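Take a look at the structures below.
Look for chain A in each of the two complexes below; its partner is chain B in the first and chain C in the second.
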Partner chain A sequence: MKKFWILLKFEWLNFRADKGLLILTMLTLMAGLYGIYYGTTEIQRQRENIAALKVLTEHNMEELKAKYPDGTDAGDIGYYHSTFAVNNPDAWAGLSLGQRDVNPYYIKLRLLNLQSQLYDTENINPLKVLSGNFDLAFVLVYLFPLLIIGLCFNILSVEKEQGTLPLLLSQPIGLPLIVSAKLTFRMMIVLGLALLLSVVAMVWGQVLPDLRVALWLSVVVLYCLFWFGVAFVVAALQKNSAFNAVTLLGVWLLLTIIIPALLNVYIAVKQPMPQALELTIKQREVVHGGWDKPKRETMDKFFAIYPEWTDTTEIQGRFAWRWYYAFHHLGDVAVADLAREYQEGLQARHQLVEQLNAWSVPVNVQTIFNAMAGSDLPSYVGFLQSATSYHDALRDFYYPFLFNQVKFTNADYAKEPRHRFTSSPDFATVSAGLYKLGLSVLLVFVVVFFLFRNVKLKVR
Partner chain B sequence: MNTVLEAKQLRKEYLSKVALQGLDLQINAGEIFCLLGQNGAGKSTTINLFLGFIQPTSGAAFINGLEVAANVTKVKEFLAYIPENVMLYPNLTGLENLALFSSLAGFDYKKDELIYYLVQAGLPAEAAGRRIGGYSKGMRQKVGIAIAVAKHASVLLLDEPTSGLDPKASNEFSELLLKLSDQGTAIFMATHDIFRSKEVGSRIGIMREGELVDVLPAATLNANELESLYLNYMHV
Partner chain C sequence: MIKSIAKKEFFSTLRDSRFVALSVIVLLLLLAATVVGLHSYNTLQQERGVAQQTVNDQFANAQDRHPHRMAHYGSYAFRPKSSISFLDFGLDSYTGASVYMEAHRQNSANFSQAQQSGSLIRFGEMTVAFVLQMLIPLLIIFLCFGAFTQEKETGTLKLLLSQGVSLRQVAWAKVAGYSKVVALVTAPALVLASMLLFGKGGFELGGDVLLRLLGFMVFYLAYFFIFIVLSVVVSALHQRSSTALVTLLGIWILCCVIIPKASANLGASLYTTPTKAQMDADVHKEVAKGIDGHNSQDARAEALKQELLQKYKVKTMEELPVNFDGIWMAVGEEQSSKVYQEHFGELTDIFEKQNRISEYAGLLNPYLAVRHLSMGMAGADFSHYIHFQQTAENYRYNIAQELNHLQATKLKYGDKETRLSSETWAAMKPFTYETPTAGWALGKHLVSVVALLLWVALVCTLGIKLIDNTKVA
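For the complex of A and B:
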């Protein structure tokens, strides 16, 4: 055991004196800190914007109260009054932004047709998609493997190439002890850094100390172990350092870029998505067509859905809010199948990603992080469903005013329903991903064990 | 006499090539055995077998009565090794390199003691704190000698140890070997240097194509006779 500590101490001295490794480690540390800053700042920015929405709603209500001091037709309020469905971020989202910066995190809603309002903001900033998120999850998933490769590509080959292995092995120590000390030292550096950054991010992001703390740290440790295993498989082949470096970078490229790109193509072919724009256009055509249809026809269709308003006063004249909102409502009904298909398509695509991510450990780990932070696609779909329910609640609130022709007074604003939604972790995805990650680590270490047992060491 | 280093029918084959043909050899405590031979004669193979770096095809190597192949780590407590080209950790200083290898051998020397061994091996004291990366081959060789001496081994395996040393340093190294021999260390030195062999050796072996063709007591020959005999064997 004493010799193990001696070897560890001299690994530290060697590391300390190697400027290249120091720079690589410092760069990873700085990238990690920037990732934490980027993630938490983005979530802070979203929180500030969400807080501003509340003020905006209040302001809108004050304006309407001033405009209609004695109350007015609820149709006016439904048209001019806007409120917001908000996807409040979980504190963990700062660690893994996932899709939070590409999908809308709030939706401005009025009493009009829902579907076009849901997807009005479905436009993605291509520059953001191109650059991706530089959050902590990105640093851990994509950059930490490079640190591990940098530390381990020449773990044994350097001893041979600089000629120190014969002198080292002429001491009363075996190769397993040397390898163990080298591995332990590198693990201490990498895991120390990864866990330190994770803890800093948790403190900075003010996450609650729940089960996810242990889950996140476990995923980080297992993921780093996977890459250590890959590095050791290559080291066991006993090739030169250049071969090892090229091979390991090739594996990194394969797992982080090539396989995910191939999976993306496969998923796009296997699970083609209906476009939200198509849905919006179809709904707009139905709604606009509502102006030209006989009012009786529109109202009959509407009353078939809401029989409770059948006996209300018949529509008179060229315009009535009840009729206006009825044909907007029918616009939603006309595209209900398309809307369901769209959301089911999103879910099905995500399920396919979850099935196929076993082919790429980095993609699997990214999926776990996003699921843990509530920033993945199912969470967004959950938000859309929550916004839909909220819009239904708004209808249920306003329709009695409209159809009973009750004046909407300033006191009624306080009774209007408010939307509440906070993205939450998907533990089923997390546990499935952890299982796959554990298997990947086990598999790679079985290969390491087999190689080190069966490959003869070449001292020179 | 106490036999420290022994080979019994030691044989090593690489595929179809025989690198060492059934070597029988005994080296006693305090004896310096110099092995002469051309490149590829089997000198380094013999040393590698004693170090346990390679496994014998047949036969066995023993150090202090322990079979090397079965006690690879244990026998290294008794031996020190200086290769032809001593390669050390370039980012560490001479002092740190010596401290590493000494502590792995079980000796926790203080800084003064480490410097003493380095200076005794011929390295200037002021160079001890500099990184090995800036050392010449001769300076590295001296650190290698210091590592071997500081280990207080009962067996010293040397593979062309004076390669790269200047004549003065080579002479100092010869004196050091004689001193260690007087203290009871058994020394096995593979070399091309006939005159150094004659100067320090107790016995001189001549190896050709993996076979130990002759063993001569150094005291019975002068350098010219030894050279003539050696060349004679090499031209057969």
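For the complex of A and C:
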């Protein structure tokens, strides 16, 4: 044991003396801190923007109250009044922003047909979202493997190339001890750094201290172990440092860039999404066609869905709001199948990713992080569904005014339903991912074990 | 002598089985990316083409309608893919494909590919540009890291120099040899791409597409050249191959992975993007107040009424030879569009400021310079996106005003019943979109052109000078 500590101490002295390694570690630390800063401020900004939406709704209501001081037909309010469905971020989203910058986190809604409003997008700088988010998840998934590679690519080869390995082995210590000391030292640095950054991020982002703390930390540890395993497999081949560096970077490139890119292609081909354009075209045709159809026809179709309004008065004249909202409603009904298929298609794409992410550990880990933070596609689909129910609630709120022909007064705004939705973590994905991650780590270490048992040491 | 060094580098590389294996992998990826890109291009192009045709037909064959009803019915603009965007998707996966164009409202471009994908898409897409930008430089590094260090380690450099050649000549000879190898790897894919583009790909054979493709290739060649010389220089500055390699890999990680993301994120942190909701609310407020900020909408309508009554010397609205409804609507559209344009301009400015950080970072990082130029040539960059949005907005404005004009001239004041015949709609021009010229695209990326040229000049002068100054022990 004493020898082990001596080796560890000398590794530390070596590390301190090697400016390159020190710089590499410091760079990773800085990148991690920047990632935490960026992720949490981005979520903070989204929170502020969401808070500002409340003010916008207030302004809108004040304007309408001033415009109709004695109240008016609810149809006017339904047309001119807008509220927002908002997808509040979970505090964990600051650690892994996922798709929160690509998918809109609020939807402006009026009583009009939902399908023409549901997919409106936020102001997005496409070059920025193409470049991606520099959040903690990026640092952990992309940069930590590079740090591990940087620390480990020459773990044995450097001793050989400097000619110190025979010297070292001439002492009464075996190779396993040397390797395990080197390994322990590097793991202490990397895991210490990764766990430190994670904890800092959790405190900084003020996350709820729930089960996810343990899950996140174990994913981080397992993921680092996986890369250490890969580094040792390569080290066990006992080639020179240059070969090791190229091979390890090649593995990194394959797992974090090439395989994901190929998976993207596969998913796009396997699960095409043609529904979107079809849906948007069809809903317009149906809604606007409503103007040209006989009113009776429209109302009969509508009453088939809402029998409770059937015996309301016959529509007289050119225009009545309840007729107008009825054909808007029918527009949504006409594309309900397409809308459902669209959401199912999105879900199917995510499920494909889940099935295939065993091919790439980084993709798996990113999926776990995003699932924990509730920032991936399923939580967006959840938000779409929540916004849909909210719009239904708005209809349920306004239809009695419209069909009983009750005036909408200024006191009624307060009774209007408000939307509440917060992205929730997807623990099923997390546990499935964790299981796969565990298997990957196990697999790599079995290979490591096998190689170290069977490969003969070449001292030169 | 120089020729024979170049020749030696060329042939000894081809004899290195590891390098050949890597090259074959890269070449296969390149060919795969070409095919995949073309497939994705064809799918999206067809989907959008069909959609555009559908809405154009729907518009032309629409029922007899009141013109303002037709203005609300509106139309759609589906963004066609630029023909060489199959080589570089650029921002296309992150920009909306469809814009709904209706009266009074400027809608967002919806349904981007990224919104229809999970976070997997953020790992990047398999395109020719990706292989050229990220993988070929790695291949170059692998090819060149031992250019000088190997000769130093085996002691052959001294022998070589004793033959009367200078270090500078050796460097150039090696660059020439390696360039040939890189050409050998990339040429087949580029030839295939060109053949697909000009062969049976179904593309329109235009001088402009040719120019774009030519630009695309030239910029990449410059980029490869920079990396080759840079690698040779780094190799010359090191004594050992392994340290040269690690340095080069470090440079690659910094240039291709960290700086692009950091610079884009920095831009977004420095310049805050306003939300669409806030922007729409501001536009609404300004329009309601009037351009000058104190004229209410009703007061403006009254003033315009009086003006028209005086102009035509009549007493009532019904006597006017034009329909006030249409005129008032046209005035409203003009004002709201003007206000919207101001805000859209501000938003575009903010985005451009954010992007400028990445553009100027191109001066430090040739990867960013070539990435911008590549997207630009492929017609998939930010400027092309804004150009499309502007074209759609102009079309929306014109069609709304045309319909307002019909209302003003064909219908009577207060008439909400009369319907114009379907032929009226068929006579209106459908939405079409032409990609701007290659020259226009290049003009948007002058910084990146300068950056790339500077890098070429820098590695050729300063880089080679550094080689001159190295000591051969």
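Brief remarks follow.
Definition applied: the second predicted complex is superposed on the first by the 453 of 460 C-alpha atoms of A that agree within 3 Å, B and C clash if a C-alpha of one lies under 4 Å from a C-alpha of the other, contacts with A are read in each partner's own complex, and residues count from 1 in each chain.
The criterion applied here is as follows: a contact is a pair of C-beta atoms (placed from the backbone, for glycine too) under 8 Å apart; a residue touches a chain by one contact, two chains touch by 3 or more.
All values derive from a computational prediction rather than experimental measurement.
With both structures placed on the common chain, the touch criterion links A:Asn14 to chain B but leaves chain C unconnected. Looking at the shared chain after the overlay, A:Pro172 reaches chain B, while chain C stays out of its contact range.
In the superposed model, A:Ser218 makes contact with neither chain B nor chain C.
A count of residues in chain A touched by chain B and by chain C gives the higher number to C.
By the document's definition of touching, of the two partners only chain B reaches A:Thr164; chain C does not.
Shared-chain residue A:Arg45: touches chain C; no touch with chain B.
Within the superposed three-chain model, A:Ala31 lies in touch with chain C and out of touch with chain B [touch as defined at top].
Contacts of A:Lys3 after superposition: chain B is touched, whereas chain C is not reached.
Only residues 3, 6-7, 10, 13-14, 17-18, 162-164, 166-174, 459-460 of chain A touch chain B when the two sit together in their complex. Within the complex, the chain C residues that touch chain A are 29, 36, 39-40, 43, 47-48, 51, 54-55, 58, 63, 65, 69, 72-74, 76, 78, 90-91, 93-98, 100, 107-126, 130, 134-135, 138, 142, 145-146, 241-242, 245-246, 249, 253, 257-258, 260-265, 267-269, 272-281, 288, 347, 351, 354-355, 358, 381-382, 385, 416-417. By the touch criterion given at the top, residues 20, 31, 34, 38, 41, 45, 49, 52-53, 56, 59-60, 63, 84, 98-99, 102-103, 106, 108, 116, 119-134, 138, 142-143, 146, 150, 153-154, 161, 240-242, 245-246, 249, 253, 256-258, 260-265, 267-269, 272-274, 276-278, 280-281, 284-285, 288, 291-292, 318, 345-346, 349-350, 353, 357, 362-363, 366-367, 370, 375-377 of chain A touch chain C in their complex.
Chain B contributes residues 48, 51, 53-54, 72-74, 76-77, 79-81, 83, 85-92, 96, 100-101, 103-106, 131, 144, 147, 157 to its touches with chain A in the complex.
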